[in-house]
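In what follows, chain A forms one complex with chain B and a second complex with chain C.
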Partner chain A sequence: MTTTPDTSEVPHYPMARAQGCPFDPPPELRKLQEEGPLTRVRLWDGTTPWLVTRYADQRAVLGDKRVSADMTHPTYPRQAPGNASLSFIGMDDPEHSRLRRMVGSAFMVKRVEAMRPAVQKIVDDAVDALLAGPRPVDLVEAFALPVPSLVICDLLDVPYADHDFFQGNSKAMVNRDSTVEERTAASGALAEYLGRLVARKIENPGDDLLSRLGEKVKAGELTHRGATEMAVLLLIAGHETTANMIALSTLALLRDPDQLALLRDTDDPSVAVTATDELLRYLNITHGGRRRVALEDLEVAGQLVKAGEGLILPNDIANRDTEVFTDPDTIDVTREARHHLAFGFGVHQCLGQPLARLELQIVYRTLYRRIPELRLAADFEDIPFKHDGFVYGVYSLPVTW
Partner chain B sequence: MSTPSGVLVVGASAAGLATAEALRRKGYGGALTLVGDEPHPPYDRPPLSKQVLAGTWTPERAHLRTAEVLDVLDARFVLGDPAVALDVPTRTVVTASGLELGADAVVVATGVRPRTLPGQADLAGVHVLRSLADSLALREDLLVARRLVVVGDGVLGAEVAATARGLGVDVTLAGPQRFPLEAQLGPFVAGVLADLHAERGVRLRLGSAVTGLTGDGRVDGVLLDTGEVLPADVVVVALGAVPATEWLDGSGLTLDNGLVCDARCRAADGVYAVGDVARWHHDRLGFPLRLENRTNATEQAIVVADNILGAQRSYEPVPYFWTDQFDAKVHVHGTPAADAEATVVDGDPAARRFVVLHERDGVPIGVLGWNMPKQARQLRLHHLAPQAPLPEGRR
Partner chain C sequence: MKVFVDEDRCCGAGSCVLVAPDVFDQRDEDGVVVLLEDRPADHLHAAVREAAGVCPAAAITLDGTA
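Up next is the complex of A and B:
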């Protein structure tokens, strides 16, 4: 038996944040979390998947093999029209695991740790450039975007001569002022560039991630197109996310000078480590809700979810669950928050999290110490937030010192 | 006052470097020279009694900046060459090697040097801890030590005791107070700290003054005023520090437990002091103050740099320091006192997570957090006068 819910009373998802509370989840989402673990929401296309609001239930669903992340599934609750397939993110096992394993070793903690001196150098140079440049300056443009972009150049072994091309296009891809045509052109140019880079690595392999993908292409385990898609995924996943975290967390810390001082002044390196996870928990940056579709009938928090029904799991609300985090609406850079869901959970949990953590830790231990007088150069009310973006953050962050 | 064309910073540690960096950030483009008595590039001192001593950090990790970052500062570093004299009217500094360095503004950032016990220089196995070299030498001795006696029950002594205990050394902590850090934390919190040390196997021999050291060539014991001798094969003397101002004797500057300055950290026309060595008039507290802590080095440097460039800023911080010992992170705001009334206002001392408020005559004077740094900071904001040396934009 199928019951069609009465959609007139079903709340729309996503919901709007409250005026003046740009760091907090939408109030309606909070209300739903307080009211119960599961509720129907209505998406842009009129479908009414289940919204799972609580931390424990989200983890249970994300760890359940009976749910699928397949974006091509006919009832997958899509975020927007179109069918943007991002390599293995939108696939299920075993194909997901097979592809993910090909790049997984690059993100093993030990390998990422070996990148520390190079990342530190990138951050040091970026701070030098800030200090040598004009004031006030847009921290997004001058620091938050270039740092992760250069780290990915390093990871993919993009030749130095191509850095400007690479950075220019990755910037155009995420720039709000770019037209749709410019954005499409930029992402096309980057995909084409990465395709050529993979081809070059097949010819002249080195000790880098793309060369290992090249070997898989040569061995027939991966198509050239598949390798390129994966390179594009790594670029997108590793670039805009980290850039938004850097800018948004700096803004949050500037609004909470005590927490900033705590992080800046300590000699205890573990504070930058806990601060990284705490700021990820607090800010999330992915606010669109993780999406899944049930492959079989299953029970979530006592509610029957039928095969084919969609599930939406917004991590921003799960990371403010009072059952899991004491006083979740305040930042505590010394809090042990590593179990947050900002990187997801289960088999699709963010592959690049060791690198993201490394970059953020280094930024947190460098930027505020080198510029202890860093402050906003605009009214907080005038900071443009990315309410419309797939990744949350700020479009610009004017700062001075 | 016009922008100086040359600034000379005497002292190349945290406060000196922070002053130089703040000058550059504020757009100062003139000549910049840092003179340091040690051969190392600027390094951080808090890790010397913890991470570096424990061996979890290589010495290089304590460096405050990489070589590339120092390059960009575009400053001349004269290292391993201590300043020996200052001529105030011409603002000329003479170094041990005979260099004569003149500038429009001189910043004194020479820090402090450790107090010692009579006769300790003649005995092997006796250490002080102020420099990187001190930390490495002590570590070398601790790795083969059987019995360490730490002389001094202040922050440094207690941190060294905790770190050495972590290395598996038999440690005795000796000092005149009833509890370690009693003067800084008051009896209540210091009592919890004493419990922690005792639980972790540090032998506390407190309440008696140390009168000397015993040994022939190498130390073999520490003599207490009770006549008792504590056996030791390694001794750390952590009896506090005195401002390193000997080189300013005869300069005409006022030296009295530090280089005495006005509220703007100015000791004379064109001469400033910053960091551990500076004893400046804290306008809001109404008395002269000298702070030996890391946060002060950065925040005072920012004010001094502003004033060199023509501002007229008074420096009025809420004093703040932290100490890490075993699993305890203690954060101290304001000026707690041994005779203050102490109230637990958050957390639970039994759970080793708590915040204590110190009041005198009903007026809050200090906030101490034990593994609750965030809550302590919030209470500091609530109870203690607002911090003055914030950048203009945040006031």
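Up next is the complex of A and C:
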């Protein structure tokens, strides 16, 4: 960014959360939201893109064709050094849409709904294993991570037996403090692994998502590398986010026993549905801000954003906008919060959201009912939060019952 | 109320199907929106309005206030 008269007063982004308030956006971010629509922030590399804090402005920018999600654009406001390729997430239309539609059918609502019995079985088995296992137990390792990993392995036909390998590399990719070398090595290892699986599926296809990518490669619509990048994206996005959401929302509910009781004790299945969107709204999981770069001069809430300038749109603060959500810092599992921005907005909005919602609804309907005595087995102050992650959550969650 | 969908804009996020399954569906090959009812019954109007509001790609437009 070149138009920076005085950077001494420009706040750094991302900002730190307040001590003892791990579920709330950083206080500085709230202050900036109250003060005005746009402000400049300084990133790790010294650049000073625009920060957009209000819900309506974020929706407007993310829905605007004049902004780009191209991570290779020279002034794209990157989260960290390195050039990790995240397939269509980092592309613009029409190529973004062409690639996204290749895998769209797997995540459409009726296909995902048809997975309900299989996902319920995975969750039931995981709870059986919890109940048969030792106490206390780390809920992240024993439940939150295996459930979505098993689901995405099923969808992609990736052997779950390799979970240590792909979970470890995925962890290195989403850790903000990983060095460029570590991140490159992790993404390289995953790409090599999934590239081999795609090659095998081209030879010997089945009824799974990797085979569908293999078909596209065979038909000349996708390069082998393109298929591999997409597979890496689906595998990481398919388990990392949901796993963090399961653990973090369980912790938030354990800290809010009235809301937990409301969700656990009702026979009305619609409460698990509203609770899912409410907890997504409240917790977000992705806290690094959506990132875009302006391709043309445009006005956002009265502020001129020039072509080439970066934009950061943190959904965690937009989802606490009092213009949109009444009493936004409170969890209300019966709230109608489907319009939250936890999945983003615009054409890049999370493709896997029907599957994420299904998994969370089933977990919320099952885990707390089958283990009604579930409680923390550590001091809240000692729970390690992922302040250093691109995906927020907890590293471990010791629980007992 | 008359409902229009723009298949080119649609990104297949499926929000409309979750909100108003009697009015919207997705096509099998790529998850792009399929309009089931372009003149939905009165009791569906609120859901259709919500579907248009949550569509991330602005692919649903409504005509008429009835």
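The rule is short, and it goes like this: the second predicted complex is superposed on the first by the 366 of 401 C-alpha atoms of A that agree within 3 Å, B and C clash if a C-alpha of one lies under 4 Å from a C-alpha of the other, contacts with A are read in each partner's own complex, and residues count from 1 in each chain.
By our rule, a contact is a pair of C-beta atoms (placed from the backbone, for glycine too) under 8 Å apart; a residue touches a chain by one contact, two chains touch by 3 or more.
Predicted model only: the values in this text are computed from it and were never measured.
Asks: Is A:Arg338 in contact with chain B, with chain C, with both, or with neither (first, second, both, neither)?
Replies: A:Arg338 contacts chain C only, not chain B.
Asks: In the overlay, answer first, second, both or neither for which of chain B and chain C A:Thr266 touches.
Replies: first
Asks: Using the superposition on chain A described above, determine whether A:Gly133 touches chain B (first), chain C (second), both, or neither.
Replies: Neither chain B nor chain C is touched by A:Gly133.
Asks: With the two complexes superposed on chain A, say which partner A:Gly104 touches: chain B (first), chain C (second), both, or neither.
Replies: A:Gly104 contacts chain C only, not chain B.
Asks: Taking the complex as given, what residues does chain A use to touch chain C?
Replies: Within the complex, chain A touches chain C at residues 62-63, 97, 100-102, 104-105, 107-110, 112, 338-339, 343-351, 353-354, 357.
Asks: Please give the residue numbers of chain C that touch chain A in the complex, ascending.
Replies: Per the touch definition, chain C meets chain A at residues 9, 11-15, 17-19, 21, 25-26, 28-32, 50, 53-54, 56-58.
Asks: Within their complex, state which residues of chain B touch chain A.
Replies: Contact set of chain B toward chain A: 18, 21-22, 24-25, 44, 46-47, 50-51, 66, 68-69, 72, 294-295, 298-299, 302, 320, 322, 324, 329, 373-374, 377-378, 380-381, 390-391, 393-394.
Asks: Considering only the defined contacts, which chain A positions touch chain B in the complex?
Replies: Residue positions touching the partner: 120-121, 124-125, 127-128, 131-132, 257-259, 261-262, 264-269, 330, 332-335, 370-373, 375-377, 400-401.
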